[in-house]
Structure formats: structure tokens, C-alpha cells
Amino acid sequence: MYSFKNDYSEGAHERILNALIKSNLEQTDGYGEDIYTEKAIELLKQKIGINNVDIHLLPGGTQTNLTAISAFLRPHEAVIAATTGHILVHETGAIEATGHKIISINGTCGKLTAEQIQSAVKSHTDEHMVKPKLVYISNPTEIGSIYSKSELESLSRVCKENNLFLYIDGARLGSALCSDENDIELYDLANYVDAFYIGGTKNGAFMGEALVICRDSLKEDFRYHIKQKGALLAKGRLLGIQFLELFRDDLYFDLAMHANKMAGLLKSAISRAGFTFLTHSPSNQIFPILPNELIEKLSEKYSFYVWETVDKQNSAIRLVTSWATKEDYVLAFIDDLFILNK
Amino acid sequence: MYSFKNDYSEGAHERILNALIKSNLEQTDGYGEDIYTEKAIELLKQKIGINNVDIHLLPGGTQTNLTAISAFLRPHEAVIAATTGHILVHETGAIEATGHKIISINGTCGKLTAEQIQSAVKSHTDEHMVKPKLVYISNPTEIGSIYSKSELESLSRVCKENNLFLYIDGARLGSALCSDENDIELYDLANYVDAFYIGGTKNGAFMGEALVICRDSLKEDFRYHIKQKGALLAKGRLLGIQFLELFRDDLYFDLAMHANKMAGLLKSAISRAGFTFLTHSPSNQIFPILPNELIEKLSEKYSFYVWETVDKQNSAIRLVTSWATKEDYVLAFIDDLFILNK
Amino acid sequence: MYSFKNDYSEGAHERILNALIKSNLEQTDGYGEDIYTEKAIELLKQKIGINNVDIHLLPGGTQTNLTAISAFLRPHEAVIAATTGHILVHETGAIEATGHKIISINGTCGKLTAEQIQSAVKSHTDEHMVKPKLVYISNPTEIGSIYSKSELESLSRVCKENNLFLYIDGARLGSALCSDENDIELYDLANYVDAFYIGGTKNGAFMGEALVICRDSLKEDFRYHIKQKGALLAKGRLLGIQFLELFRDDLYFDLAMHANKMAGLLKSAISRAGFTFLTHSPSNQIFPILPNELIEKLSEKYSFYVWETVDKQNSAIRLVTSWATKEDYVLAFIDDLFILNK
Amino acid sequence: MYSFKNDYSEGAHERILNALIKSNLEQTDGYGEDIYTEKAIELLKQKIGINNVDIHLLPGGTQTNLTAISAFLRPHEAVIAATTGHILVHETGAIEATGHKIISINGTCGKLTAEQIQSAVKSHTDEHMVKPKLVYISNPTEIGSIYSKSELESLSRVCKENNLFLYIDGARLGSALCSDENDIELYDLANYVDAFYIGGTKNGAFMGEALVICRDSLKEDFRYHIKQKGALLAKGRLLGIQFLELFRDDLYFDLAMHANKMAGLLKSAISRAGFTFLTHSPSNQIFPILPNELIEKLSEKYSFYVWETVDKQNSAIRLVTSWATKEDYVLAFIDDLFILNK
């Protein structure tokens, strides 16, 4: 049984393991004040191309979202997010648990537009309602789509005009940035948004997300929030070592490219087999619509999520590839698809 | 410069690294639903000797404290803790951030007594005050002391009588259980308290704490809380693999014994040199009182915290040993102590 | 300029003022432990016809909602409400500020159905999402509709089957219970729901809502929550005296009937004039759809809210009547409507 | 049985009742946007003598404290308060429920000194601890003492130097300002502190506290917080009318002076009778130390709190006077004291 269920089924890339072994018995300071974390942060700043950002390494995505958003907002301020946004449904109310409402918007293919944001702001008129203050987007989105540079620029503009923070959940940022259709660079992110994170957990690390805070007013005292929310690891080096290795020579991007390539193989084969997709996805998650019978047969050899009922005969499934996905299994899946579909 | 600053200066025990390597490319389910976590939990139940407990693996200590305590309490309920308690000062208000007051008590050598708890309960008389509901203790305490079985039994009794939960922060539990002066076993903990955790981070793991919930009424829906607080790692196996290795053949206790032995060497040498200690500590943290001049000299070769000013000439320092502390450096420290003290 | 903007434009009913005067210099205990509050609670229990309920008097509606809901729920539990629900948009995120998500459902005419609730529960499958636990409805709803006994019974059943609490926001409960179309009594409420409140502020009192807790498990320690949320008035008698006067001889229902009668006059006249309504409303809020030109003219003599744009020429306005609405002004409005509409 | 238990045993001053009657059937806007609230705020600004302050009327003291403090602080910031501070023990953890720790300091006679604050700040060194940000004092304190202008000035200075907000709980502010020993005026308060409130509930109103926000950065969006915490009364005029009446011609100060005078009568008689006091109190709460036997006899005719056991034979009691305290009963108490003490 080979799994296409998600991009966190395996451990970490071998080079990360080696880096952990090599550094293992060195003594370092705790809580992210070690030399590895320091170096990783410097390296990330170079890769971004902007020095005037603050970078913090946190263990996981929900943790990063809740720590950042609760640090950035005052009690009456709210988040705007697409109905498909991860924080809206799949984080057990983590944001609300810190006291903040999430205003949900029916996005377009998982993405928000400037018009939608403007309209949400307009409908919140006075102190009897929350005050929208932060726009949360994911890139790639939870359904595989990615933002273009011009879309991002237009979100950035509407946010500035309305005094909103723009925040990107980058759990799978590598896949977005390495997509064939992408025209955004790390530099653009730091330029257009107030904060974003570069996801490590789903792209080769055991765990770890690098939160980049771009707006000066959001930087102050951030480590207090990390500690208060339980996200300050005693052995913070564990995160530093991993990010250092991932970005030392662009391993991070190589891994994301592999994941995208594997998804691409699946996608074109599934198209060739005559099937369509629930969403246009140029990243490492694809959502083919297949006959239920075929799904059942495939699920005897491969594991994946059945995402959504499409009609009586067909459902959309989710196939996720990763840095660790083996091409052999992708090809086998394709073969099986054609064989079982007869 | 050798560090006695804390017990999280190094990486993880070699065997843990090997276990991570060995399992690295296996595909497992995420979020702690993998086979390693499952096995680790079964193993821990065996070691405890009670099957009717729920065990969850969380990344760190503050995270575990805040997740457990906020899950266990209703909004008006409060925690009782000693003034030296970790949650009271050194977790950036993590418990208060979840809405709960901590009532501080001047403990005795870092420990709470049944009388102190009874008196705290009595002084909270009605709905104009919070309602004390959970007693937080650490074993060993933050200043190195440990609880005896009879002390624990008496705390347990006063808690039952007053309808309070008893919770143990076991960040360094290994060191307590392996202390020469200890008469408590894991079984006793599960018997006497409502929840406790077995700390991995400070005893050989990269990270990880095993929370043991003993009282039935506290078990329900606990995974929701872990997720909401950002403590549910996507690659939960990382915790499972480590605890499995630590407890497979009692490596956990061997490591704690080593740490205690190293602390014992330091302690008896320091005594021989004619110095006294701030507290009686039979665990892996000791607090010798040394002349400031000597402290200055020692700090040129060893790093450690200066804990407290004792008088004009003397201060207490904190020396912490761990699973990774090298005997050679301990002996070198002892030699230097005698030489520099002349 | 006469106002139909809301039902809290005037002070309190004359009899309440007299009761305040009469009792003014008596000395009583504070914080709701006075004889008036005690008597008011006893009287309310008689009116409800069930003795086994706990009743607390709180100053306002948002206050009551947030105090009750945060007391009833554990941190991971969520509220289900209609998109028109007051707590969802018009209380500045008060519920989220206590840590709980509100799951919004597109209700039917402002009301929830058993099917909608069942479906919301089904879509929350595991610990990665919040756990629906309390169903919030308003009676009458925010758009004037009311629940029938059989609707309430069916909501109660679906809640019991799914282990959900059913809670009614009764800010305008008097108007619902005194509606021509109503077949629910106070007794039914206490029978079918877990908690509800009887609104005083919008029906003759200066302020005050009587929260009735019917389910035993929700009663414990409730006064702690009132105090913690700042809702325990030092001079609690102020609430007791008002509720005692309102229910001593059914003044409360007389006042609600007056409000409904005034709304009925407006409604039938508006119908006679050939206009329709946005919603079917048998309570004290009505939403006629009028030509914009007519709205403009009317707004020179009467104040009211323009609720919603219906099409280019027409909008819905909201007219609210109350215990204090003067029939003369209602008749004048009707006259003007016919005159100005020519 | 005459009560000296507290200063909220009676209703409201007669003039307030009259003002409520007179305005009763006028229609006004809701939520504090009425003409009475507007006028009351303007009047208060005149009395303070500074126009550049924001004033909000809230229903009660705990409500005001929790709304203001949670609006002013970021999540990692904490309050410094004396151990006798009302928020520390007697508000059921209301501040912690909004997420903030209160750092308690052993004050001096219920008051804080600049040195104590400086020392609390110094002991909070880094992100592993909360960040002290707001100093909470009460004037008069909970044990009757009052701050002098020079004490206040020195607190103000230490707060400015350490970037702390200074906040005064003025539940009984009238009594402090009208004390024989007072040298502070409303103007000084607005000058020296960042926010304070003028208590109405305990000085002639049914309820109501006027929060004065002096620091510009704390003013923004404050009404959102009032609404979110449930403190925005629909009939906000109820507060406006009362404060307008209290300050129209200094009734507020007349009432406070009466309360102080009554306390003064008691105090000097008790002194004459040879008894001492637990604290030096120049305000409307006094704490005489009396023989237990005498206390028992007095409690047959008068109600009051027994505050503290002093020794085997003696206890301190609390006697509170108010705007409504009748001189006849004070004189009767004094007579009885002398008679029963024989």
C-alpha cells in the first residue's frame, strides 16, 4: 500500500539526518539562541534578499498561525479568510481560542480577491461588529491553486488602503514557488506582505516553519509570544539545523520541484486517461474526478483521501506528492489507473 | 568552555538518532496516529503498570502544561502552585493566557505541603474569588528537591478531600525517579495523581513529553485540545520513535542515573571542598554556594548560571548535569575547583 | 421626529420607576443576594411552572450570551448559529473573545432546522475541527420570525440525539410569546431547552435579562462566571426590583402585547397600501419593502433603519415597536404613508 | 439592624431618581450615543480641566477594569498590583480570564511605591517571563489609605521611565478626593496617569463608572472593547443621566464628603474609646480593632464585616459609610460602643 495521502508520511531528508548526527554532541544555547538557528536566519534573509525582516523558527503550522495572528491583533480585531482556509476549519478553532473571529469569504478557487476583501471591510461598519484587520491567505491554497504576482500585488494594495495586515500561510510554499506557473519570488513575498512563513514540515524537514515578519510594527517582543504559546523549543537548534541544511544550497527548492514533478506526472496521465479535475492545481496536491468504482479499486493498492462527492458515479480524490514520493510508485499508479479503468 | 547551564545543550541520544534513521523512509499516518506512537504508548502503560490511563506525546513542557491545564479547568477555576513553580514565572504567563489564575504559595524547599494547599483552599470562600481546582507540583522541583512517597500520598489525600486535581510537571521526572533518595515509582504517580508528564526533552530526546492522564473525567476529547493549542505534530512519529527507544529497555532510566551520578560527583566534591548548598538536592540540579571570586574564575572555563546572591562575598550557582554530561569534564571541574580555591 | 428605530429608545415603565422609588432607601445585601432578587427569582419559577431551574439576573443581552456560553463550553467546543444570529455579527466577536468558534448556518427565515443542525454536526468529524456543542437560536429571530412548538420540539430532539445544548436568546422573548402565531409557553421553553433568557431591556425595564438554566450540569458555580465577566452588579437589587415588578401581575406580557399590537397596526396598513415584506414577522419588528422615494419622505418625520436594498427602486426598512410606542404616532405614520405614497 | 457593611446597600440619590423620571419617556439613541451621555462627558471634561481625554461610561467596576486592561495590553504584557488590590483577589480572576497575569507586590499600607515597581520591572528580564506593562493602583486603596500628590507624581515618573501605563481604580475616588488629607485634584489624575475611573456605584448612583483615558495611544477603538465585553448598555442614557446629575453642581463631592464625615465621626469616637486601627484610613472605610466580645455585642444591632483576626482577644472589623449613611445611626453606634464596652 503506497500512500498519496499527504506530504508528511515520511521522516526527513537524509541530509537533514546527517546534519543532526554531525552536530549532535556539540553544546549550544537553548531556545533558538544557538549558532545554527542564527546562521539559518541569516541565510534565509540572504535568500529573501531583504535584511530588514525578523525571522523565527517554530515547530508547526497551526502553532505558527496562532502565535503570529494572536500577537499581531488587538482583542477586537478579526481575520479575513477564504472558506477553504486552513485556519477556518482544520485547526480546531485555534485562532478563535486566542480570542479572534475569522470572517469567512467564499473565495475563488481557494483564493481571495481584492474586491472580496474590500467588500468584507465595507460590511463591518462600526463597534457592534469586529474590525477586520488581517487577511489570511495560503499559497498554494488548500486546494492546490497558486497566486500570481499581480494577484498578490493587488491584495497587497487593497490591504494597505484599508490598513489591513496581509499574512501568508506557507505550509507548502516550496511547491508554490517551484510551480511551472509561478512568477513570485521570496523577495516579492517580503515586499508585498506583512508576514509569511516558509513551511519545512511538508518539504523535507522533520518539522519546522520559518516565520518571516516584514512589517516593523509587528516585530516587537515576538519571542514572548512564541514562548507563551509553547512554541519555543528548548533544543531550538533542531529547527536551525534543518533550515540551514534545507537552504544551504537550495535543497528546499529541489525537493519542492521533485514533489511538483511527481504531481505533474500524475496529472498529465490522469488527463490522458480522460479524466478532469476539481480544481486547477499547478502544485503538489491534485484533485482528479474519478468513477467511484475505479477509486475503490485504486484504494486497494494506494491510500489517498476521497475529497468530495461530485455526482452519483464520481468523486474527487486528493493525491499529494512530496519530496519523498518515489517515481516508481507514481508510474505504477499510472499503469494501474489505465489498467483498472478498462 | 564546557557547559553545566542546563540539560538541553546537546542533541539526542545516539540510539534515538539510529531509530530515526532506521524508520526514516517508512510511510506512516500523521498526527500521532502512527504505529510508533501507538507502540510507545502501549510500552509506557506497561512500565506504569496501569492500563487505564490515556497517554499523549507532546513536543515540549510549556506546551504540555498549558494544553493540559486549560483542558482540565473551567473558566473560573485556578491553579495552586509554589512560588518557585515553573508555570508561575518562567512560562511567560502561558497559563494565564488560557484564562486561568495561578495562586502562588510560598512552598517549602520548592515543595507544597498538604497544609499549605488546605489553607489556600480555605481562603477562597466564594464566587468573588477564583475557585482553586488544580494543584501543580514539579518533581523534581525547580530547585532540585524531590517528593517522597508519603508526601505525595498526603498531597493526594488533601486534593481528593477538596475536590482538586493533582498534576505533576515531570520535565525532569527521570532524575527524580532515579534519585538515591527516591521511593516513588511510575505506578505510584498514576495512582496518586490525576495527570503527570514524563519529560523527554531533558533526558535524551530531541524533544517530547509523555502526558499521562489518570483520571477518567479528564480524558475526553483531549486530542482536540492538543490540536487547538498547536501541539499536534504532523510527523507525530518523531515523538513516538523517541519514546519507544527511550523505554524499550529502560534507556530513559539509565540516562537519568548517569545525570544524577554526575551531579553526585560534583556535589560530594564541592562538599569536600568545604562549601554548602542553597537547597538539598538529590537530583541533577545542584546549587552550591561559592565565593564570588571563585565563581568568576570557574566561569572562565565552564558556563553555568549564577542563581542568587547569598551575601556580599558569596553567591549560589546552578550546575546542571544530563544524560550527555561527560565524566571527564566533571572531574576537570572538580580539579579546577580545588586548584582555584586555594 | 418619532423613532421606530428600536425598542430601547425610552427609559423604563412607570411602575418600575415607582418600585425603585419605594425601595430606594432600604438597605439590602449586594450582588444579587437581596430580597428583591430572591423574590423575583421565585416568581419567575412560578411563572415558568418548574422549580428545578436556576435563574440569574444579568444587566444586558451580549453580557448574558457571553457569560452563559463561555461557562457552558469547554475550550474546543463550538456554537452553531444562523448567519442572522445576533452573536454572529452584532456582538463584536464577544463569543470568540471567550475562545469559542461560532459555526454559521444559512438558516431559513432566520430560524434553524433540525436537518441543518444535524448536517453541521456531521461535517465536524474529528479533532482537527472544533466540536459543535451548543445550538444558539433567538426567539423571535433577528428578522422577526418566531419558532413554533413543534419546531422547538424537533430542535430539542436533534440536540439531545447529538449531545448538544440548546440555548435561546430571548432579548425580545416577550414579543414572541405574545405573538398571535405563538403556541409556546414559558413552561415549554424550560422543558425543551437547556438555557434561555427572558429579556427585560427591550420590554419595559431599564436593563436586565433573566437567564434560566434548565440543565442540571450547567448550573454549578454559575455565579463565579457572572462575577468574572463583570456582570454581577453591586446593586443587584436594581435587577430584582424590575423583574419583580414586570412579572408581579404579568405587566411583562401586557407590554409585549402592546408592542405587537402596534406592529400589527403598521403591518396591516402597509399591506393595505399594497406593499410586501422582506420576511414574515408576527413580532414587534417588521421589514416592509417600500419605494426609495417614499422611504426618503417618511424619514423626514420618522426615524428607522434602512435594512437592505431590494432592487433599484425599493428597499426594506425596519420598523420596531415597543411597550412605549404611542398609538397616535403609529396612526400618524400610517396616515403619512398613504398620503406620501400618492 | 443597621448596616455598615458597604457603600452600595441603598438605591440611588433622590436627585438621580428625579432625573430618571423627568427624562423617562424621551426617545434617545442607544448604546451611549444619547444626548445625556454626551453632556455628561462634556461636563466631566470641564471638571477635569483637560479636554484631550476620552471618557466612557460603563456599568460596574470589575467590568471597567477588565475592559480597560484587556484593551490596553498585548497578550504577553502583565499588570503590577498590590496584594491587596481588588483585581488580584476579589474579581474572580477577571483579568486573567482576558489572558493577562497580575504580578503581585506586597505594597505598603495598600499602596505601591516607585521602588517596588522598579524592582518588579527589574526582576522580569526576558521573554521567558511576562512583560510588566501596566501598574494598577486604587485610590483610596482597598484598606482605606489614599495617595498623596507627591506619591502619585513619583509613581507616574517611574512608570514613564519604564514605559508602563499607570491606571487608577477609582471605585471610591470621591472619598479619596474629599478626604481631609487629600491634595490631589481630578486635573492631577488626568495629568499623572494614563487612565482612571470615577466611581459612581459607590457614591450615589444606581451603577456606573466613568473611565477617563488620558494617553492618546490607548483611545483608539475603545468602544469596540466595551461592546465585546458586554459593557455597552442598550439604554446607555441610564449612565449619562446619572453622571450628569452627580456632576451638574458637585453633588458627587457633597455625597463623598458626607460619607467621609460619617467615617470621621466613627473614627474619632472609636479612638476616644481607646481603640486603635488596623490601618490609617482618611476615607470612608475604617478598620478599628475591637475586643471580640464587643464585636459580638455590636453585631446584634449593626452589620459589618469582621476583617481580620488580630490576636486571641481582638479582631479588626470594617465599617463603611456612604452618601446614604444616616448620622443618627452613626451616633447610635457610638453610644452603643461606649455602653457595650463597659
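We just call them A, B, C and D in the order they show up, numbering each chain from 1.
We adopt the following convention: a contact is a pair of C-beta atoms (placed from the backbone, for glycine too) under 8 Å apart; a residue touches a chain by one contact, two chains touch by 3 or more.
Keep in mind that this is a model prediction, so the values were computed, not measured.
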Labels of chains that are neighbours to subunit A and to subunit D: B, C
A-B compared against B-D, more contacting pairs: A-B
Far-end chain from subunit D, centres as C-alpha averages: A
Centre-of-Cα separation between subunit D and subunit B, whole angstrom: 43
Whole-Å separation of chain centres (CA-atom averages), subunit A against subunit B: 34
Subunit D: positions in contact with at least two other chains: 75-76, 91-93, 97-99, 127-128, 130, 224, 227-228, 232
In the complex, subunit B residues that touch subunit C: 31, 70-71, 74-76, 98-99, 127-128, 130-131, 221, 223-228, 232
Residue ranges of subunit A touching subunit B (in the complex, touch as defined): 2-3, 5-6, 8-12, 14, 17, 20-21, 23-30, 59-67, 91-94, 97, 201-202, 206-207, 224, 227-235, 237-238, 324
Footprint of subunit A on subunit C - complex, ascending: 75-76, 78, 89-93, 96-102, 104, 127-130
